[in-house]
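To start, I am sharing the structure in question, which I have written as structure tokens.
Note that the chains take the letters A, B and C in the order they are written out, and that residue 1 is the start of every chain.
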Amino acid sequence: MRRITQRRGIAAVATAALLVLVSACGGSDSSGSSGASENADGTTSITIATVGSDSGSQAFYAKNKGFFEKHDLDVKVNVVANVPELAAAVESGDAQFALTSPTSVASASAAGIGFQIVAGGAVYTKDNPGVWVMVPTGSDITSVEDLKGKSIAVNALNTMPHLSTLATLDDAGVDTGSIDFVTLDFTQVGQAFESGQVDAATVTAPFNAQIETDGLGTVLASPYDAVNGTDDFYNTIWFGQRDLAEDKPELVESFQAALADANAWANDPANEEERKTILQEYTSLTDATLADLQLLQFGDEVTDEMIQPVIDVMSRFKVLPKPVKASDIIVQVG
Amino acid sequence: MSTTTPVLDEPVAEAAPAPLARRTGRRRRRVRVNLRGLAFAVGLLLVIEVLTATVITSLYVPRPSEVVHALWLELQRGDILSGVGTTMGAYARGLGIAIVAGVLLGAALGASRTAWELFRIVIEFLRPLPSVALIPFSILLLGVGSTTTVAMIVYASLWPILFNTYYGVRGVNEVSVDAARTFGLKRWQVFLRVQIPSAATNIATGVRVSSAIALILVITVEILTRSGGLGYYIVRMQVAIRTEDMYAGIVVVGVLGYAIAMLMGALERRLVFWNADVLEDGNR
Amino acid sequence: MMNRYVIATGRRLVPWIVPVTLLVLWEYAGRHSESIYLPPLSDVLVTLRDDWMWERTRTDLLPSLERFALGYLLGAVLGIVLGMAIGSSRRVAEYTTPTMEFLRALPAVAVLPIAVLLFGLGDGMRISIIAFGVMFPVLVNTIAGARSCRQERIDVARMYGLSRLQVVRRVVLPSAIPMISAGLRVGLPIALIMMVVSELVGGQNGIGFYLIQAQSLFNISGMFTALIILGVLGNVINNTYAWVENRRLHWASHL
């Protein structure tokens, strides 16, 4: 008899301990499916996630210049590391909208995840590509053809910097199989150039400017030129869950409107100084780095023509397990 | 030999840092700063200073003096300190939960063979899973932010506490248990009054080991997910190409680690004083 | 007789109740859940077969294991050598302890830029990161082990005319072996963690690399297979070590 009560006591202890664990882990899990909450004053509270760089800076301007408020949005802006975290933030309902590359939304779509592009982000243009293939100073590589059999650093495989570099090489007739791609954070490219560890690297701003200023490397090519025949396309976009867009089209519209205001403000060269000041607040970039930075331009409307080329590049290098159509992953509202 | 090994080796193993901490922290000595240690550290810094000024002239390796200067400026600006607050908040919550859960689970598993047998395989499978490999899952389930950070800290720092408690409770001298029983103590009283106090040394060891693990985890998760705090400060500085400031952040992490190690050593001596002489003996 | 046999078998089955229940629950939940993030166990097993039998094992698992082994050995040797040096001399310990404590607290991710600088982007950098993580627990335990050697024994050995180095090798080291061994065991899971961390950044192959690849392509089943492999790997490594340690200690106890 006594044995039984003992056991029971122990079982109770074990259960209690498990409960502690479970409650500890499940703390903020039950935030509801959409996460957007309407407030008494008619505003809607949402959380959005973006990256702490120029390409993700629309949200900072919209927040700082009051464009969100103007459209009755009470927005909390979270800065997140990179693509998988952004997708997870949206999937888990932690954030309603997040910034990412169209490739990520296409991958998610091919994997059966219902993400939709809700608004435009940074746009590639011929004279402001935002991404460059660089080679170390003193390198004997002078053309894309010279890259045959070399090692090239990219930030991650199967992302736009990688795929566009592949496309550039392929277009130039270089056997892409001969290239040794090394994944390396943009921040470490300068160091890798300095110590001669890679033959080339695909980098984004502001790292290109930093590397040039430090005299460590020079630009060889602009790989995004190979994506859409030098026509514009979206480098980054905003996305959300399909369900949310269907349930609350008016929320998506307000968000689009607020971002459109932010874009108009940010694209105006007159605001460059102020834009850099706001950017500095969120990214801690130094004055010197900012001075060299060529600011990106943002787009409002998301069309199939500006998304499909990206998906086509993915298909070209067999990243997508099944075909994806741009029109299926772009939200239709209004 | 063979019967005592599994019971003894783990806690002894992880009890190892104690002598280090104890030496410098002994009562009378505590006031005295370890001048030799300081001298060595300063000397090492000077060597690095000379090396970075002459041999290793990389733009990405700042000289120690530059880092100290950056640290000084950042401290005045307060940016770095606000990061420390966030980080230590997550740290304290994570470690706190891990202590409570680890002690409860470890005690339960140690007291009941059946419980141990039931959960053994699951625990053996989960325990060696690297916590960093769980970060992607945690992000999917809990989102990015302090919840994920705390959950990862709990996961990583749970095991040393759990196993030390388990071995502690299991390893209690049979004679003391029997003696307590003959004095008429009930089973749970024996558990509370005899087994838990005897296991306290082990528990304290587990907590000390975990206190170091938890710090590494909180910084790693913050760096990998950029979820605020000192880790995010470090990575933000890295991305902003402010290398000196990045290393200033790393220095702060090291200082925090050192402070925590000292604090835990001191707390351990205070709280589990009844076993102190045993330890001292073991340490000659 | 029969009854006892049944009970004995039953006892042996007890540890499997919870794991099997959990696996069944996983399969069930996966089949009935809408969430793409919880694929049923059977899907994960299919991915496991497709990916890891045996192509990925060759291109990712083996390189990971190789780095693991080299990094672990390097860290262990460094830890033991430095530990003996520090542990045999109170003075050396006093000089180095604060610096060691400081270095110990640095997360591998933070040390990575330095490792890249010193060892480049290849396996050298990854191995050094693993060694860095393994070194400290081994070091700390070796120091404690060296200290645990009784002064009388050292004095006696000195009286017999053994040199300082001989004393360390013949007297201090043997008495420190149980502690060193324990430190080596603590280092194992750390080496595993470091292996993954070092592959998350700047990786070209490896289990950690596979994991982030799967994550960025939303290949959730793939992520689970990486976890399963890491869990199994952790257990195999742990048990192998326990086996070796038992035999070695057995031998040592007869010394």
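Basically, a contact is a pair of C-beta atoms (placed from the backbone, for glycine too) under 8 Å apart; a residue touches a chain by one contact, two chains touch by 3 or more.
Here is each chain with its UniProt name: A = Aliphatic sulfonate ABC transporter substrate-binding protein; C = ABC transporter permease.
Please read all numbers here as calculations on a predicted model, not as lab measurements.
J.: Based on which chains are in contact, what kind of graph results: line, ring, star, complete or other?
T.: Here the contact pattern is complete, since every chain touches every other one.
J.: If we define chain centres by averaging CA atoms, which chain lands farthest from subunit B? Would you check?
T.: A
J.: Report which of A-C and A-B is connected by more C-beta pairs in contact.
T.: Per the contact counts, A-B leads.
J.: Averaging over Cα atoms per chain, report the distance between subunit B and subunit C in Å.
T.: 17
J.: Compute the distance, rounded to whole Å, between the mean C-alpha positions of subunit A and subunit B.
T.: Subunit A and subunit B have C-alpha centres separated by 35 Å.
J.: At least two partner chains per residue is the criterion; list those residues in subunit B.
T.: 58, 60, 114, 136, 140-141, 224, 238
J.: Could you check subunit A for residues that touch two or more other chains and list them?
T.: 84, 91, 191, 195
J.: Can you list the residues of subunit C that touch 2 or more other chains?
T.: Residue numbers touching two or more other chains: 37, 113, 117, 212, 215.
J.: Could you please specify the touching residues of subunit C with respect to subunit B in the complex?
T.: 11, 14-19, 22, 37, 91, 93-110, 113-114, 117, 137, 140-141, 143-145, 147-148, 150-151, 178-179, 181-183, 185-186, 188-189, 192-193, 195-197, 200, 208, 211-212, 215, 223, 226-227, 230-235, 237-238, 246, 249-250, 253
J.: Using the touch definition up top, name the residues of subunit A that touch subunit B in the complex.
T.: The touching residues are 2, 6-7, 9-11, 13-14, 16-18, 20-21, 24-25, 27-29, 49, 52-53, 78-81, 84-85, 88-89, 91-95, 186-187, 190-191, 194-195, 206-207, 210, 214, 216, 283-286, 289.
J.: Sort out for me which residues of subunit B touch subunit A in the complex.
T.: 58-60, 79, 97, 100-101, 104-105, 107-109, 111-112, 114-115, 136, 139-145, 147, 150-151, 154, 187-188, 224-227, 232, 235-242, 245
J.: Once bound in the complex, which stretches of subunit B touch subunit C?
T.: Touching subunit C from subunit B are residues 1-2, 5, 9-10, 12-20, 23-24, 34, 36-41, 44, 56, 58, 60-61, 114, 117-122, 124-134, 136-137, 140-141, 212, 215-217, 219-220, 223-224, 234, 238, 246, 250, 253-258, 260-262, 282-284.
J.: Enumerate the contact residues on subunit A facing subunit C in the complex.
T.: These residues of subunit A touch subunit C: 83-84, 87, 91, 104, 107-108, 110-113, 153, 156-159, 181-185, 188, 191-192, 195, 197-198, 319.
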